[in-house]
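Single-structure report; data block below.
Order of writing sets the chain letters: A, B, C and D. Residues in each chain are counted from 1.
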């Protein structure tokens, strides 16, 4: 059924700034097809900036971001999205004045070769509680539902890669668990995901690999399982 | 409804009786009762949209309840404006920080002190010379003395949260209301902030009511936990009671896979 | 993005620079007598342009004939954006920096009043060329201010004289809702009731100036069923009013009196839609067959290849009057100049005029006639020139109106 | 009865143009959050373009083709303006763009004068629709009926576009959060351009379609501006059906006003607006606006400090230079300096409100003119001595500000701004039309200073003392607890309220203070000119002040003063040239593009760039959520929306 052609996201030597603040320092990593990767680190470590630098919402001062071999650097954000990178921002940023259906319509993009084509019906299958409220305005939704809608809206763009920025933030544990199931389902169907997270428990459930950044520098890049055997890294940067 | 004994309202720092709020036909909060004792850290948890924020806003006066009353130290403060509630001795921090971006760190504190000392309408310069020592000691309390002269706009997030805590302590409140105090923070920062809060609570013998989604924080620091679902209080008890409450697990906690599976006692030590 | 921004900015800066260069001022002959001319060149360009042409025509003639008291006469034109405050500032500058001998100009009455007040305070002679407000020489008159054109009162009195000859009894008025309009209606009422005590005014309409809601105004006038209508609206307002009124048949079988409506400035834009049969004041330049009027019109058309407006005539007469005053004073001494203007006689295209001693108002009159459409253009026919001197109140009355001069 | 119906129809026909133009303004505001001051200019261009086209295209088909083509042409002009002028400044602080649109007004005014000349053009009549139809015996022009019929189709078409099509969904989404729309793969900049095209085209259409009832002239741009602002605000910002209802309401009431209250013209519209907004603060169909910190979105202002020794010395030196001016400078220089100081105080009072308070008043001229009129009226009617009139001027202006502030502070953001504009216009129309008392358009003259000040030099010293004193007072207040409370109310009203600050009262007092000081500058003005006229209360005067505050820099204490001084000097020079409006307009646009933080702000940024700054470069504060206000209002300020 759903199938994703293999694409690779690659960051090399990315430096990003916010005003004068140097946020990302020579950051480099890649995401292979079918992988769910967690981007971990303290608040202010540069996780969100990494995601925004991929989307070109923050324009990296140097370095390169490529997707499927094509450079994304300095492309307008909408072109990045058109290439198949789906972005779910941390604030969810749903259109509260629009209905759920209309929110999904904004995300809709034409079908993409070799990529599963999402429709509203299929999205509603994945998020049944959105289906029954499809004509409600976004502002009537609870935080968990807004998060679901934000993901669903991005899926409507038939992404080849999903960027999730702190999806579990401020969401009830029971909903976070549901979301984990959703992500695992997408993963099982081959959609690669880059997940910026603070919730280690959640990240561990859904992802294979962890990248830890601190002060904009990469401190760790490897399998989640191996992190367990490196307590000094885990304690120094994540400290649970 | 729960194990709490309905004592005389004047003994509690905060006593909430039959609090309800409806918007149009929708019941956001229905008949909520609870009390907070001196020195208590009370957590309010529940799914999004359960009515936590509505509850908070009614306590602080941003919303007036459809029904019910709120007593602070035995005084009925129902429907009082936020600034009046504040003058009665309630401090508040926000989920999304509400600091004054155009001021320095210490000026943020001084502003609250100016308000506390009722000097708001003075037009004599310079505000920045007023109550500096008092402000400095508050900054020391939250460990931010070194950042006193930095612009608030360039503070790191965790520091903003600490600054907000210091602001909330300016008028030596009896009660602190904290709305998702650790939202958006990394695990270590969360623990540190709540530890700081707990220490201050103990030192000043304050009471705290906070909402929180991070169960690690709740289970590590709360003395008592209330669970709100669809506007109703469905549980109110000790951390252990809440953890194992079947209803709470169903509507809120889930299988427990996304937070630490046992109380981490040593974090507080 | 950055680059694009600066490219846009540079292009615009270049245009700015070119704009400035293109307008740099020409040089003038040495030692001219300077006259400060303040007007609304932008705000009322359609009126100020012909007026300035008129001045230039006269200046050419004066200077070709050797100037005045042996010096060339030169006008310094400045735009006040139609703002009285700005006009005062410019007046200060003209007097203190440019060293002008006297001030003149303005079309709008309010700006004229502002300069007049300034003139009295700073003791500078001001010839108000075009503003019509009666107050300029009466209630707010002063020693230093003189006015050339026939005032609102004078022109309204001319129309009232014509109206009094008909058997119309019920009158409706329509005038812009501000000082000029109110003055014009009050003057007409006063003059007409003096001649015909039996008339009554059944409706007064006051559209906002340049914001007329013509359809509604026509309906309101129609509702009052008047025998005759007195119109003071002008500019775009009168065009809209005429069109709606004609469409809706408001003017059928009614006498209409239009203050200034016959002036080319107002009549020309109406083209073949100009009202027919209105009694108006105006300027029938096309009808002159001989005499000074004809000479002026021909000279004007030869120089500018366009027909003169009333403003052109006023501009021409302004320069003539100033030249005459300086010649009479024999110097540009302010007090001498002021004295020279009092009772000054000037020979102009429309005949001899005099700046009256009692109120500093000139006796320039106006042409009164009937409108009609000829070859798709609105014109005045059956016109006659009315001497302004005959339409001013008696000297006692003027003395009452004009407070003791300071 | 027949007359009643006929009047109703006249009102409905008048509503057509008003609706077309206002809907364009509403649309542009809804999506781009730009208050397009140049919208009246688009309307004027539509009229001129339509006129020219109708000269060439014959017959009924030619007429209607001309109308449509005019819309198209003006739409394209709108696109050019959007791309050249607005795109470079989208990232600038909120409302800064309106300064750019003001530059556009000036440019278009002169271009139209160059192309079409100064004369009023009478619009051609619509072929085939010249006559009247008798309805119950009353004549109703056929063209009126055509207009009445067309408007609902336009309304329906727009409504369908916005609510039922994908483009409409995208437009509404972009209204709320542009960046997110881009992140979902939509080229939002073209969406903006598209909306600008449509909005401008509607204005152009409005201009062309009114030709048979009017014409084209150079005053059309400002003449319609207040009316369409009123329509948009009464209808509810961003609401198209609201704009239609408001246009009809205003037009129909106006027609009846003309008949039954003939002197009410001008005032009526604003009275209706005041009544509607008192009952429904966000307009008939508007929705409550999310509270946004207008004028303060984007980078927060830097903390202020008491002036250092260097700054004090500099100001001292400037003051000495000023005081020495009469001795060394020419007489005119003294006059010019007097004018500049007066304008600086006026601008500084607005800056206090706008910069420190985040309260964007579009009608600040009301207090400047108000002060001038209070003094003028006291001298004229009560023969008050200059000294007394001068003292009472700020009291009167302050009183006006107390009332207006009370009415307006119930609203926020652009609603607040629009209501201040409307109330200022109400005051203006009262002064303009109540001529028995105010002198109307003829103004009040002979308001000269007392004899001890009648010399320009002594008046200059008086102005320096009062004007500079006022500016220093404002600066001191900015540093006082009250000034801090005002900034706190702006930075985070929620936090301020939660720490005992009565933010509304603080803002109300600030509004009053700013009004009173504007009144002082008005009093200085009236005695320096000896007269005052209604144009000192006009929209254009308010805009002047707004522009200098933005050009100087909203987020810097000295912004207002520097902006005012710069603009007055530039204007004094430029107005000597023929096409000075074109030049000034372009100059404003260039400054807006090159210095999006205002003159002072941009100079400071440049200084920091060259010499480095004290800000910790390693700070990561901006990286985190919650440090900016953006979470309160995704994608800038939201409100109304297009519906």
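We take it that a residue touches a chain if its C-beta (ideal position, glycine included) is under 8 Å from a C-beta of that chain, and two chains touch if they have at least 3 such contacts.
A quick note: this is a predicted structure, and the numbers were derived from the prediction, not measured.
Look past chain D and you find the other chains held together by touch in these sets: A, B | C. Chains that touch both chain C and chain D are absent from this assembly.
A comparison of the B-D and A-D interfaces places the larger number of contacting C-beta pairs at B-D. Put simply, the chain closest to the centre of the protein, by Cα centroids, is D.
If you average the CA atoms of chain A and of chain D, the two centres end up 43 Å from each other. Look at where the CA atoms of chain A average out and do the same for chain B: the two points lie 31 Å apart. A straight line joining the Cα centres of chain B and chain C is 74 Å long. In chain D, the residues that touch at least two other chains are 299, 615, 619-622, 624-625, 631. Counting only residues that touch two or more partner chains, chain B has 154, 156-157, 183-184. Chain pairs recorded as touching, per the definition above, are A-B, A-D, B-D, C-D.
On the chain A side of its complex with chain D, the touching residues are 18-23, 43-44, 46, 48-49, 55, 57, 76-78, 81-82, 87, 89-91, 93, 95-98, 102-103, 105-109, 153-154, 157, 215. Listing the residues of chain C that touch chain D in their complex gives 4-6, 8-9, 12-13, 15-16, 19-20, 22-25, 42-43, 45-46, 49, 78-79, 81-86, 88-89, 92-93, 96-97, 109-110, 113-114, 116-118, 120-121, 133, 135, 140, 177-180, 182, 203-211, 213-217, 219-220, 223, 235-236, 239-240, 243-244, 247-249, 268-271, 273. By the touch criterion given at the top, residues 166, 169-170, 172-173, 175-177, 179-189, 299, 613, 615, 617-625, 630-631, 634-635, 638, 641, 643 of chain D touch chain A in their complex. The part of chain D that touches chain C in the complex is made up of residues 3, 6-7, 10-11, 13-14, 84, 88, 109, 113, 117-122, 125, 130-132, 138-139, 141, 144, 213-215, 217-219, 223, 254-255, 258-259, 262-263, 265-266, 330-332, 335-336, 339, 432-433, 435, 439-443, 445-446, 448, 454, 456, 525, 529-533, 535-536, 575-583, 586-587, 589-590, 593-594.
Those residues of chain D whose C-beta lies close enough to touch chain B in the complex are 296, 299-306, 476-477, 479-485, 487-488, 490-492, 494-502, 506, 509, 555, 615-616, 619-622, 624-629, 631-632.
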